[in-house]
Amino acid sequence: MLEQWLPWLDMAGIAVFAASGALVASRKEMDAVGFVLLACVTGFGGGTLRDLLLGNTPVFWLRAPEVVGVAAAAGLLVFFIAHRVENRFRALLWADAVGLSLFAVAGAEIALEAGAAPWAAVLLGVVTATFGGIIRDVISNEVPLILRREIYVTAAAAGAAGFVMLTQAGLWREPAFALGVLTCLLIRALALLRGWSLPAYKGRPGREHPDR
Amino acid sequence: MLEQWLPWLDMAGIAVFAASGALVASRKEMDAVGFVLLACVTGFGGGTLRDLLLGNTPVFWLRAPEVVGVAAAAGLLVFFIAHRVENRFRALLWADAVGLSLFAVAGAEIALEAGAAPWAAVLLGVVTATFGGIIRDVISNEVPLILRREIYVTAAAAGAAGFVMLTQAGLWREPAFALGVLTCLLIRALALLRGWSLPAYKGRPGREHPDR
Amino acid sequence: MLEQWLPWLDMAGIAVFAASGALVASRKEMDAVGFVLLACVTGFGGGTLRDLLLGNTPVFWLRAPEVVGVAAAAGLLVFFIAHRVENRFRALLWADAVGLSLFAVAGAEIALEAGAAPWAAVLLGVVTATFGGIIRDVISNEVPLILRREIYVTAAAAGAAGFVMLTQAGLWREPAFALGVLTCLLIRALALLRGWSLPAYKGRPGREHPDR
């Protein structure tokens, strides 16, 4: 069952992350080729790093033209309809949240299948989910989402860890996958809607010099 | 024929990209070791990512001391002569343009030889051509050239795609290589000289909140 | 002998680099998960790139849970005690300096064992020592330490080159290792304490346009 669904869920994650990359391109007023480039970098970044770390080369998108087509199409679609979106940064945050949830669990699943230990599968899930967004923001000179206050990496870790623990406990992989994705999405959604954040480190005011 | 020329063309691309990295180092007023580091990162970055994505390891420069020597020499040369250059940012743009053209086509050629499909070879050409400049600009806190208005990625894509299509159509690889490089260089040169750009996405003025 | 010590020295390097990453997280007022993420990225970044360049996959930390535990523990420790540190940026510079020294030599040693040529081992030592700090600073929007005036890359290169030359000259690897680490640490310490820097490139004042 999951063997059939996984490619589609992965493709859906690539499409929404690609759209988030294209939305950043729209904030930077790039041209259509720039939209497609940022869409591909964001959609493929996390899975590419996962494949490289595992030694799983050539990386997945060099073996899957349909995946490149989906990311490019998502980028072009955003190029033509982004002006209709009322609040593009809000749309970017939500596309990123859906991609984060799908990739955290799909990344962990792919790592488990490649023979990684459970704890390593959770880490690779987090890497897959967060790295595409990080390079999207670094390349385009935006403040990375992971540096913002709202819970972000924690949501990805919770989704990946939930999925891995449930499968290790003997649950079928399909419901475990669904529960992992929903866990991550719920946490991230509450973080976005209610500004949820974990207690942050606070320096002693007035004691820190900016550059010493 | 191309087997004989390709290493020299690749070396020429590394030398001009390395020079562009050293020119950025001069804008940051780094010391000589910093010049060599940025020269190597810029000269090797694109080809390194291409090798990693293909699983072609150890990466090329670990097997080619002469290539490291060329990049280091280009970095040191710029360290000693950059103060004579009237406009270092202009020199940087042109060195980058020549490197972009050579690497777009050489990257596609190397990918084809490694057995990549034609569409994947075009993508790898673009990756090889653009990534060195991206990490040069990201590491040194400059606005990446791909975020500027003038046509950039499009030129690399046109050069790589032109070369791949001509070889697939049966043309000898030598003239196909030359035509691909000239196509990319011509487009990029016109973009630089005349400020050519593709139609960019424009948000609705006054509707976008900077951070929502 | 060195076979026994190397894993511990490597672990010590990971711990101090991880602490430097967590200190950056404290400057950004991130939450505990952010501390652990930046600790892991900084502690593993250099060695990960070294493994990828050599084709040594899966990368080391996917095969070593104890290493992940050490980095995460260093990140959490800093989360709880950073407010007691009088000057966190100063602590960051010193943790980075110790990690730089250990990784420059350990990276060169691992490259030699993997069969790399001496010159390539020096380069891989520099890459291992500097890359973790570079991605720490790039991800968290800080000015990379390599862009600051004080000698940095040069210290790593001196330590790695010293170690490689001494072993090639026939010295036992244990004293060569110690001398390499002390060379790098001494140079970097003098750079930090006395503001040592190499002669930097200086543009002609008033001739350079900021963006042309």
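Structural remarks
Should a chain be cited, it is by its letter among A, B and C, assigned in written order, with residues numbered from 1 in that chain.
The criterion applied here is as follows: a contact is a pair of C-beta atoms (placed from the backbone, for glycine too) under 8 Å apart; a residue touches a chain by one contact, two chains touch by 3 or more.
Keep in mind that this is a model prediction, so the values were computed, not measured.
Two copies of one chain, chain A and chain C, touch each other, and the residues they use overlap weakly: the shared fraction of interface numbers falls below half. Fitting chain A to chain B on C-alpha positions gives a rotation angle of 120 degrees, to the nearest 5.
The geometric centre of chain A is 28 Å away from that of chain C, both derived from CA atoms. Annotation for chain A: residues 52, 55, 138 touch two or more other chains. Considering their complex, residues 25-35, 37, 48, 52, 55, 57-59, 62, 65, 68, 79, 82-83, 86-90, 138-141 of chain C touch chain A. The touching residues of chain A, when paired with chain C in their complex, are 52-55, 116-117, 119-120, 123-124, 126, 130, 134, 138, 143-144, 146-147, 151, 153-154, 157, 197-204, 207-209, 211-212.
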